Amino acid sequence: MADNTLEIRNLNTSFFTQHGEVRAVNDVSLDVRRAQITGIVGESGCGKSMTARSVMGLVRYPGRIVSGRIRLDGKEITGLSKKEMCSLRGNELSMIFQEPMSSLNPVMKVGKQVEETLRIHQHVTKEEAARRTEEIFREVGISDARSRMACYPHQLSGGLRQRVMIAMAMICKPKLLIADEPTTALDVTVEAQILSLMKRLCEGGTSILLISHNLGVIAQVCDYVYVMYAGRIVEQADTCTLFDHPVHPYTRALLGAASSLRSGAARLETIPGGVPNLLHLPSGCSFSPRCEKCARQCQNEVPQMLPVSGEGHLARCYFANVPEE
Amino acid sequence: MLSNRERKIVERFEKSRKIQSAGSLRSQIGEEETFFTMMRRMARENKLAVFSAIVILLIILAAILAPVLTPYSYSDMDLMNRLSPPSSAHLFGTDEAGRDILTRLLYGARVSLLTGVVPTIMSMLLGALLGVVSGIYGGWLDDLIMRLADITLAFPSMLLAMVIMYMLGDGLINVFLTLALVNWASVARIVRAQTLQLKKTEFVEAARVIGVRRGKMIFRHILPNCLPTLIVLFTLNVPAAILTESSLSFLGLGLQPPSASWGLMVNSGRQYLYAAPWLSLAPGIAIMVSVLAFNFLGDGLRDVLDPYQKK
Amino acid sequence: MVRNALQRLLQSVLVLLGAALLVFLMLRIIPGNPAAVLMGEHADATVIKRMTEELGLDQPVLVQFFRYIADALRGDFGTSFSLGKPVSELMASAFVNTLILALFASAYAWILGIISGVIAAVKKNSLPDRLFMGASLLGVSMPVFMAAMLLQFFLGYQLKWLPIAGTSDWTGFILPAIALGWNSAGSVARLVRSTLLEILEEDYIDTARAKGRGQMGVLMVHALRNAMLPVITMMAIQLSGMLSGAVITETVFSVNGIGRLAVQAISSRDIPLLQGTVLFSAAIVIIGNYVADSLYNVLDPRIRKEA
Amino acid sequence: MREVLLEARNLTKEFPAGRKKKVHAVTNVTIQILRGETLGLVGESGCGKSTLGRLLIGLLKPDSGQVLAGGEDVTRMSDRQFGKYRRQLQLIFQDPYSSLDPRMNVREIIAEPLRTWNVCRTKEELTDKVLELMEAVGVPGEYLYRYPHQFSGGQRQRIGIARALAADPELIVCDEPVSALDVPVQNQILNLLSELQESRGLTYLFISHDLSVVRHISDRVCVMFLGMICEVGEKEEVYQSPMHPYTRFLLNAILLPDPHHRHEEEHLLTGEIPSAVNVPSGCRFHTRCPYAAKRCLSEVPQLKDAGGRLVACHYPLKP
């Protein structure tokens, strides 16, 4: 048995617009380890959501996967037929989205929507489906499960709706749960609750791929982290290593920006310049125009992921192993 | 409560505004979208709309140049040549009074274009004004305007047009008035609904914080942002007005002979449908072509003005 | 919810009253004494005066109006000048024909519209999509009288499959139903297509796909149900439009329905008959709007619970 | 002690929500804003913080209570009388996308307040003034004729700030100005706000749900829950030793970007926020409060002085 639930190798996903090809996901390779929470962090538009959608086979027109391999539990899932993908989705592979309100069908009772997942993949009776829905509602911390099942989405609060989404995703006991910004739309106290629920699910044996722009969320729950910038992974490491010893200038800048908020400094750290246009990526390292260490080499050629001291720590920077002065 | 069609239009533009502001892929690409680039995009993506625009231009030209294009008069009878089939002298044949059908078609284009455009402009001006006022000021004024709109919309539009025509009597001006009176209400309701939505937006709130007065607000923020809706409504209402006019004339309630109106021509040709089908067919097709052209152009414009449909 | 329904009902009644007043006033503005029209050109002045008093035309307009409403509530819409029969009787027999025609037309229009709309949306930009949308645009753009005449010419006159006009038996309703429904089919198809396309962009469609629904399942279970909300209300409004009299269709095919009755009333300057038919039509439209709104409220749980 | 710039007394605002129901957006709020300070207003969604901000600058009229500016109650004024305060009280919005009219270019947007108040006599003067403001907020002058959709979120927010500055205000209510932005951009905006405060002597009411941001930018902090104020005090005091249980739970829920300090389950609040339509009796927090006693169920706690700060709790935590 492989110890990676998900392996992505050299994934490229692009949008083909009239202005040209927008390379949303650019040569991404990542692993999600069994029963761990793996995080992808990055600013909006860095391609983290598209990576997730590529795995699910939910990339919308005019986008499509150009190349790359995706293996779920050792089994190749790129190139599966639509029907085979359908039998995977919701069953072995499931996903929750950012907006818990618009992600639920407004004219269907939430209990029905959760049961639906079960009934697509398993032959169960109505009673059995209802019983198991009630059970999973309890598991994800929805009190008063039976009456909540008869509610329509708009009657529930944001936190409850996200719990319903999780119940829907978890009812078939999938191997991998992809959570795309699951707490961004929620309040602080509710966010903490949902995150602790995700931790509990992980302890129960589910592998989770958590996508967030919030370094706080990542630091609190992830075991291993990938940092994305302009469609590429720029650094990967286990969470503590990444937060303690970031090497890529972008990671450093991002962490610096987040931590300067609580350092009490009068001026907050920022990153000069703006995020590059995915349509016209700079040649070479995409962070080079904003990087103070930028050398000629950085502008000419895209650096490879280089190993850094420390196990499982890689960074896409020519200076990854140059010690700080 | 809005009718379905109205609700659709309003919702779609609300959505498109959100999408536009969410600045998805397009703002990332960061290309400026002006009126001209929009039109160019439409020209590139929607050949049918361009073709329709050309057809409409041709109809306009034909209407203006009618006296130059044809040697015949639209009203002079020639009883020797009644119901003659299409020939080189009379390309589309002649009618029951021996008048050249092509000539009457060209002059009829004047009536159709005018009845398409003039009452539509009238109803849009009236509707937009009442709708904005209703949405901005609210209160009893809103109630009054909206109840009037409800009452107007309570009649089947054809029947209402018939009764108003009956009341006003025949004539081109009365046709204009009738069509304007029939159509203002739905424009008013759509504009009102959009005004209410715009009122809730942050940029209107921002203008209030600055201290912009309500009157200025209408012209600076509300109407310019209603413009795409109004343009689309215009292209939808023009063909509808052409159809209503031709239907009224068809029933003998619009213009009276010997005026050349396409609807009237279809009607008078009805008795000869089996002996001389070209009498009705030619004006019927003319109505269809012009209405289709406006509808296609409207569709094209809507697609272009509506970022929601953009890829 | 019941309260909301009652509130809207009350509002509908008020709108109907307003509509009645409007019609009443409009028909009083017309120059010429209806009594004079009724008695013919050469009638004696005293006869006309007596007739005027008999009809209550010498009273203030508002008094006439309330008298008319009071009578109407009892089912008495006056007597037709031209046909000499009670207006209510004439309308009742006309409505039967209009009803049959509307049911025929809407049944075929909706089935055709929904199926072609769904196919067009699912196979967006494909040949069937373009074909259906072209046909529906043709349906929306073709004047009804044009469609009617073409049908008469080809199916009635040339092929002799169906009667050209008149409704002596049920086959007489087929051509007018096709002509009348063509337009509705087009607008239903376009609405179904655009609503479906919009809904297919929604987040919950992603959710449905993420839980393993196939294309068909997503469409039938999630998309169509949401898409039908606006479509059903549109259909209710269309039906009421047809029931309130298809003026052109009924005229061309000589179907003795409400619409044709109104045309006859206008051409014979028959004010009681015109007043009756217009009011009747307005009532049908208002009921249709009411039903459409109620349907929307019942079908959409978001509105249902909030109200 | 610093001068009071704006003071709210017993402000209450309710919105109708269907038949016989009301959203209790703001209930009996009393608060002072001091000249030159930044007052942070924190709370979760639906706690009424945006409504309070809008009440304070006269964008909404309260159902009861007063807003005092320079000793005058501005809530009872006619539009004309309110005119001179209109310029002094400005607002910056959360969503940098919808707060700019998509059909106006930058010049028109920033010039709108200048035109409304007839600040400039000539066209050239107006353009100069707009350029000056653009420079102050860090938007390059060559973008003068660009439209909002051509800018990134951060730049749009700068334009929104320039528009507020154009009115030459004393108080700016910042309604979640950075919550739609990514962290590096958020920091740029926060830096800009601090700079402007220093150079122009502005007073801010900074509304946010993000406790870290509020901690950085504020001098004093006010915590709201379901339309009522729980706690007001100097920033460090409140953050170091919260006295209201809700404040403490809110602080516990902060997600630190530090994997070595993960929060513990037992310090988290359970349950959902009650709806603002059916507010709990007594202390509105009692349904979620582990320390709730009988008294909390029936008696509404008043905002009381507790050693230099104000707390609305019957049993405040020991500092």
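In this document, chain identifiers A, B, C and D correspond to the written order of the chains, with residue numbering beginning at 1 in each.
Convention: contacts are C-beta pairs under 8 Å (C-beta built on N, C-alpha and C of every residue); 3 or more make two chains touch, one makes a residue touch a chain.
The structure presented is a predicted model; accordingly, all values stated were derived computationally and were not measured.
Using the contact definition stated above, find the chains touching both chain A and chain B.
C, D
Please identify the chain lying most centrally, where each chain is represented by the average of its Cα atoms.
Per-chain C-alpha centroids compared to the overall one single out B.
Measuring from the mean C-alpha position of chain B to the mean C-alpha position of chain D, what distance in angstrom results?
Spacing between the chain centres: roughly 48 Å.
Taking each chain's centre as its mean C-alpha position, how far apart are chain A and chain C in Å?
A distance of 53 Å separates the two centres.
Which whole number of Å gives the spacing of the CA centres of chain B and chain C?
Centres of chain B and chain C (C-alpha means) sit 21 Å apart.
Taking each residue of chain C in turn, which ones touch at least two of the other chains?
As it turns out, chain C has no residue touching two or more other chains.
If a residue has to touch 2 or more other chains to count, which residues of chain A qualify?
none
Could you say which residues in chain D touch two or more other chains, in rising order?
If we look for residues of chain D contacting two or more partner chains, we find 152.
State the interface residues of chain B toward chain C in the complex, per the touch definition above.
1, 3-5, 7-8, 12, 15, 147, 150-151, 153-156, 158-159, 162-164, 166-167, 239, 243, 246-247, 250-253, 263, 266-267, 270, 273-274, 277, 280, 284, 287-288, 291-292, 295-296, 299, 308
Which residues, counting only chain C, touch chain A once they are in their complex?
202-204, 206-215, 217, 221-222, 225-226, 229, 299-302, 305
For the complex, give me every residue of chain C touching chain B.
For chain C paired with chain B, touching residues are 8, 11, 14-16, 18-19, 22-23, 26-27, 29-30, 137-138, 140-146, 149-150, 152-153, 157, 191, 194-195, 198, 230, 233-234, 237, 241, 244-245, 247-248, 251-252, 259, 262-263, 266-267, 274, 277-278, 281-282, 285-286, 289, 292-293.
Going by the contact rule at the top, pick out the chain B residues touching chain D in the complex.
17-18, 20-23, 26-27, 30, 32-33, 201-203, 205-212, 216, 220-221, 224-225, 227
In the complex, go through chain A and note every residue touching chain C.
56, 58, 82-83, 86-91, 94-95, 97, 99, 102-108, 116-117, 120-121, 152, 154-155, 165, 168-169
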